[in-house]
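In what comes next, chain A is part of two complexes: it sits with chain B in the first one and with chain C in the second one.
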Partner chain A sequence: MRSHFWNRSAALLAVTAMAACGGGDGGSSEAADEAGEAAPAAAQVDPSTVGTISGMANFGGMVPEMAAIDMSAEEECAAGYGPDGPTAQNVLVSDGGGLANVFVYLSEGVSAAPAVSGAATLDQVNCRYTPHVLGVQSGQDIEISNSDNLLHNINATPTENRGFNISQPRAGITSTQRFQVAEVMVPVRCDVHGWMQAYIGVVDHPYFAVTDANGSYSIANVPAGDYTLTAWHEEFGTMTESVTVTAGGTAEASFEYSAEMTGADVPMGDALVLEHGTNRIRVERIQ
Partner chain B sequence: MRALRRMAVAVPALVAAVVPAVAGQEDAAAAGRVVYDRWCAECHGETGQGDGSAAASMLPRPRDFTQALYQIRTTGSGQLPTDADIRFAIENGLPGTTMPGWPNLTDREIDDVIVYLKSFSRFFGQGPAPEPLDFGSDPGGGPAAIEAGAAAYLTMLCEECHGLSGRGDGTSAPTLEDWRGLPIRAADLTEAWVLNGGSSVEDMHTRMLTGLDGTPMPSAIDAMNSGVVSPDEVWQLSHYLASMGPREMPPLREVIRVGRAEDGLPADGAEEAWAGVEAFYFPMSGQVVQVPRNFAPTVDGLWVQGLHDGSDIALRVQWNDPSNSPDPNWDEWQGKITAALDLDGAAPIALDSAGAPAARPPDAVLLQFPFELPEGTDRPYFLMGDTREPVYLWTWDSESGVGAGRGRGLGSVEPLEDPVTGAATWEEGRWTLYVRRPIEVEGDGLDFAEGTPAPIAFQAWDGSSAEAGTRSSVSTWYYILLEPPASSTVVVTPLLAMLLTGAFGLVLVRRAQDRRRD
Partner chain C sequence: MATIVAEATGQAILHEEHEQSFLRKYIFSTDHKVIAIQFLIYTLFFLMIGGLLAMLMRYQIAWPARGQLPLGGIFPESMVASGYILPEFYNALVTMHGSVMVFLAIMPMLVGVWANYLIPLQLGTHDMAFPRLNMLSFWLMVPAGILTLASFFVIGGAAGAGWTLYAPLSARPDLSGVGLGQIMWLAALVFIGLSSILGSVNYITTTINLRAPGMTWMRMPLTIWSLFITAILALLAMPVLSAAGIMLVFDQTIGTSFFLPEGGGQPLLWQHLFWFFGHPEVYILILPAMGFTSEILSAGSRKPVFGYKAMVLALVSIAFLGFIVWGHHMFQSGMNPMLGLTFTVSTLFIAVPSAIKTFNWMGTMWRGNLQLHTAMLFAIGFVAMFAIGGLSGVFMASTPVDIYIHDTYFIVAHIHYVLFGGSLFALFGAIYFWYPKMFGRMMDETMGKIHFWLTFVFFNLVFFPMHGVGMVGMMRRIYDSTGYAHLQGIEDSNALITWAAFGLFASGFLFAFNFFWSLKKGRKAEANPWNATTLEWQTPSPPKHGNWEEVPVVYHGPHEYSHPDVEDKDWLAQNERPDVVSPAAGSH
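== the complex of A and B ==
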């Protein structure tokens, strides 16, 4: 049993994520609810005032061995892997020590939130999710497709948003879904294939990224200013860094994860409540 | 000025219209709270989190209303239910779970409690009222539709969870979890009376398109909209699902009638001859008298058939159990069941470092009789007798096969020398047990007698669900009756009666005629 499932059910989270993104623009999440689609209050960002945040998620210490996944029940999927067969994707560390699948997002300081353009995509390939960790903006379309010619169900179990559970018994089916309010993270699983697990990070602005196979990430077009950057990993929990973005500049922020962090309390489905006027986020739990 | 005056009229009118509505909702919620606290809170908890005092021994757990995840809806996957959907669940209960229907509640009380239930979750009242999906219309059933539906069952890969025969024994069944991460069964589609949300063709159709939120059952709507199956095929599939077993729980009959086999007894449980033998259904419920109790039993009923040939009696007992225990594929399930259920303080079955349980209990069934045919209605204690009045047992488990025993209370079986024989086979989520014994025996065992009913009761265990010892399914006492030969009594008696009546009539007529003549 994955511990964060229990954490999640114990930590019933408070109140609607209110009024996002400060600056007096009003609540983008509420606006999204009303519009029923991707429409966070589109703020104008002057291109001459933006910079980039980039960096790495690194991993130190003994890399835990990932469990082998027995896909013998689905030969079609098993055939997509090499002789060693498929393994879990909880901790993927590159040869250079970079940690993949870390969701990195601005958690404090955002004052304008233009809508991200286009849909995010989540595919099912050889009985695994691609990507394993996905970031989206609240209200953004998520196009979920099936590249496997067999039955998957996509069962999203958020606590702040409404979930969904859709069957895709063949390749080529696409389902479009949205989450209306910020929530880090929304677990997604396939009940037919118990090993299939993905996480979707939902934030109220477009300033997020997921570290790639080398552990690096980059968030572009961030308005100059002071921010708190939060990194989330499914096994090692969250870390934060302060960053200052200057116009035309690139702010470096890296996160050092280590094997000692195994068993950290991994937030799941936490409500990110952006407090009006202060640009601060607090995580609220009833108990 | 005129506009102002108009406003002066309009505003109070608006207030008058809105305020009573709001006040009405508050009154309803207050009234609903009284109903809720009295009837619902013990399971669903005072704050609606599904954590009432009785919840820990239930699987599936009572609903957590704060998340507003409702299984039985007419709305899309992940959508809120309509008030009518909530009312449906309250009125009808949720078969297959511990949620009963509430015929004691008035319409008004149900309306009020719905308002109160919704107040537990912030999801209600955030947007427009939820709208039911458009379900289209049923093009009709019949054998051709059912056949097409059987094909759609495979196209939609329903068997991955529900199994080829629909008994909830699919490949993925042992790994299924609900939204809390607790183990949950794939529905046994052959037992319509335990189907959550009803079992009519329309119910099946609705459940497939909406999914059952909070469970692994997904909505098929995108598969339909993308043409994997047509809307008509989803209806045909609904007709097929509704044809997979009896529509209603078979009527309970007290007496198993064991007919006389004219062509000899079947040699095992697979013989065709059984198809023509009447089957009797007996519901089973969890053993909740002695601790540790079983509030979430796997075996909810069994079918019994019997034949005798004047010297031997043979019984065929069939029951649905999605796991052929012991089966390592169900280890994880067993661990989750052990962790999820309040076992009344019993030590859970420990798991080793590889996640395998220290013990894999077998599946088992027990047929229970008194040692002597009773006079009157006196019978031993139904839970395996007691020291004063023990019971005679035919035992079977998936490891040691068929045997006999003496029971002196729940869980106590002392092996007994006895000529009972038999074997069981498991196929697609169903056990078929065959047992045979001479009608009369030399040893202590019960001597049956043709024409005299003998008490019989049942008990069953699903090892993969950590059922062992007192954690079983039990039935109450019923009777089994070996029918005497049909020949003499059945045919001769009515003939004799007819002849006698005729003769008596003739005598009367003759006498009357004689009298008139006189």
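== the complex of A and C ==
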């Protein structure tokens, strides 16, 4: 109730002010509104017509050594790690060869999507983002919280959405943010602690997942049909697979990575625009 | 036997009483007195807003780890989260406290209220030279106020780059996190600048052209002198700020790079432009206060102002020197040492006219028949506080000392001794002094004196310890000082300052109560309750539309108290005919 009041007050005052100064904010909200219109229509999905996509992201070859992070300036954070200290999280490979933190999402074939439900969470624990890679649906609440009793700022720099740069000076503070437009990926960093980096993948449907520590993922409740599946990784770029989902079935799709792919073009800030009627999603880099 | 004779001059009566609609009389009025009262209500409101912002700041400074901000629940999550004031909101508080106090409270209260009210009355004319322009100068302040308040509620919040708006922080939203809020404040500044420029044109024209017969330059009250010189300063300085503000908006919105190094611009250019306005602005904020103080001290001491001509010359020289010292704000910004030395010397020179004024105020009071009413107490308070603020200013004028204390709480202490202990004390004095003329009723003296003593004590408890906190090295805009090794041990000082600040803010409500209560319940004021000499006291309280039935003729200087040739009273009004009072009195 309270936030509703403030939202309305803010909107009223903002409109008054913008009318008075005859300006806008550069048009990002307009872009968001236009793209919002192109989002898939909210639809009720019949449980009897859905299936699952699951698989692995596998890494082959020599695993790159991750750089050590010097957290000595933040003793509270450094104490949260073992004697070897914290390292970067760019390439996390399990003992079984699974690659973690790969964002997997349906990039073509989705015609309708259920409405947003629930909130995604992004925490700051021991001066790291948890999770390192997060997937959300456009318009979904992202509850950002701070488990460290020190100041972090959360600086999200999307290209299609409205960015934010907020601070959380103490443990226990939470803030809720949203991205209205599909965009893969949105980088997030803390300017106080230069090693803190996270990525948020925003898609306009709920058919996405992030590979876990073992490199596996699963996307449930996908309506039967033919799709293109895209996997994104912060070091190795993107790759795609075609999948066919049948009602009640599980489609397998795995992605194979290797050290040779290091330095590949990593898409950042790409807008996903759903084209209604053609029944496909187009990945479009906005110049 | 002396009697007051309001002398007719034979001039036609310019203003006739005529029926006016409510809208024309009270809202879109061209009467300088109504416009002054509009400015007064407006500025008192923003004084309260500015104070409120300061209280939130002080809570954060004293108890950064506590959270649980009282009434924190009324703030949106973008300002206060989990009871903690967020750093970006704190930046907005710091920025907007300074900005609101300087541009929406103190400056329009000094000039908008009192230049409007006093110039026509003290010069003996019916109204300003350009009454419609005068109305416009007030109404331009309204969108400025709306923009300022609204900017807190847009995404990214209000401007957060400090009241000095240093680029590139102020020019790049990705650095400050503030986009629209910064632009809205700059737009407000342009409105304020325009208002100030229009007002200044009016004050200067009126002073030059509409003085009553006999009101020679050297018979003008020191209030008028100070307001006249202030108007010249504003006319020369405000366009610089307005132009710089528009350039900054361009940098933010259409891709220019006036102040952005990546596009070939110069961040230092902003500092030069801002301070070329900013230092004259400091004198815009203090010269009128000096004028009010001279007037109140003279009436309250029942003595002429000591060294009237020296006071005028001191005003003029402060104004002149004010334009060639701006570099002393930039000693830390990188400057040729020779240039730094030049700014040091020119700044130290200002101490001379300032000292002349201070000693003359003491000379005015010396062996006077002191009337310690509330206005007088505030005027005396002004002299004492201004002396402290002026002396701490000498520290900063010297480059090597300034480098040590630059951007610390020592500076915060200095500016508040000048701007609060100076300007605001004088403004409170002016309100108590001219309130009966404005509203026809006296403010309550008991409440007034309690207000003075609370203000005086709490003010010093707030700002004097800041010198020490600053010497230890506490940075002026720091959000949380507890994380710095060199700032351990100042927590108690900060808590004391905050408690005293709460007391200071609370004492303001006593003033506000007195102000509004006295409108209805205050003792009715006669035309001249202070037995003062200047022209405004020789017309009814409050003066009617047009001020005078007939334009007065001036025979004397402005502060003829305890005149040796007047036997049955201790004052001689400017328009008292010399042949009626005494032949000898006419020579003064």
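General remarks:
Operating definition for what follows: the second predicted complex is superposed on the first by the 241 of 287 C-alpha atoms of A that agree within 3 Å, B and C clash if a C-alpha of one lies under 4 Å from a C-alpha of the other, contacts with A are read in each partner's own complex, and residues count from 1 in each chain.
Simple rule for what comes next: a contact is a pair of C-beta atoms (placed from the backbone, for glycine too) under 8 Å apart; a residue touches a chain by one contact, two chains touch by 3 or more.
Source: prediction; values computed, not measured.
After overlaying the two complexes on the shared chain, residue contacts for A:157 are found with chain B and with chain C alike. When the shared chain is aligned, no partner comes close enough to touch A:263: not chain B, not chain C. In the overlay built on the shared chain, the residue A:165 is in contact with chain B and with chain C. In the superposition on chain A, contact of A:85 is made with neither chain B nor chain C.
By the touch criterion defined above, A:73 lies against chain B but remains apart from chain C after alignment on the C-alpha atoms of chain A.
Shared-chain residue A:194: touches chain B; no touch with chain C.
In the superposition on chain A, A:248 makes contact with neither chain B nor chain C. Shared contact residues on chain A (touching chain B in one structure, chain C in the other): 2, 6, 9, 16, 151, 153, 155, 157, 162-170, 172-175. Of all the residues in chain B, the ones that touch chain A in their complex are 49, 66-67, 69, 77-80, 122-123, 126-127, 155-157, 160-161, 171-172, 175-177, 179-181, 211, 213, 215-223, 226, 228, 336, 339.
Against chain C, in their complex, chain A makes its touches with residues 2-3, 6, 9-10, 13-14, 16-18, 20-21, 23, 25-26, 151, 153, 155, 157, 162-170, 172-176.
Note for the complex: chain C touches chain A at residues 64-65, 67, 73, 76-78, 81-82, 84, 86-88, 143, 146-147, 149-151, 153-155, 174, 177, 179-180, 183-184, 187, 253, 479-480.
Every residue of chain A that touches chain B in the complex is listed here, in rising order: 1-2, 5-6, 9, 12, 15-16, 33-34, 36, 73, 150-151, 153-157, 159, 162-170, 172-175, 191-194.
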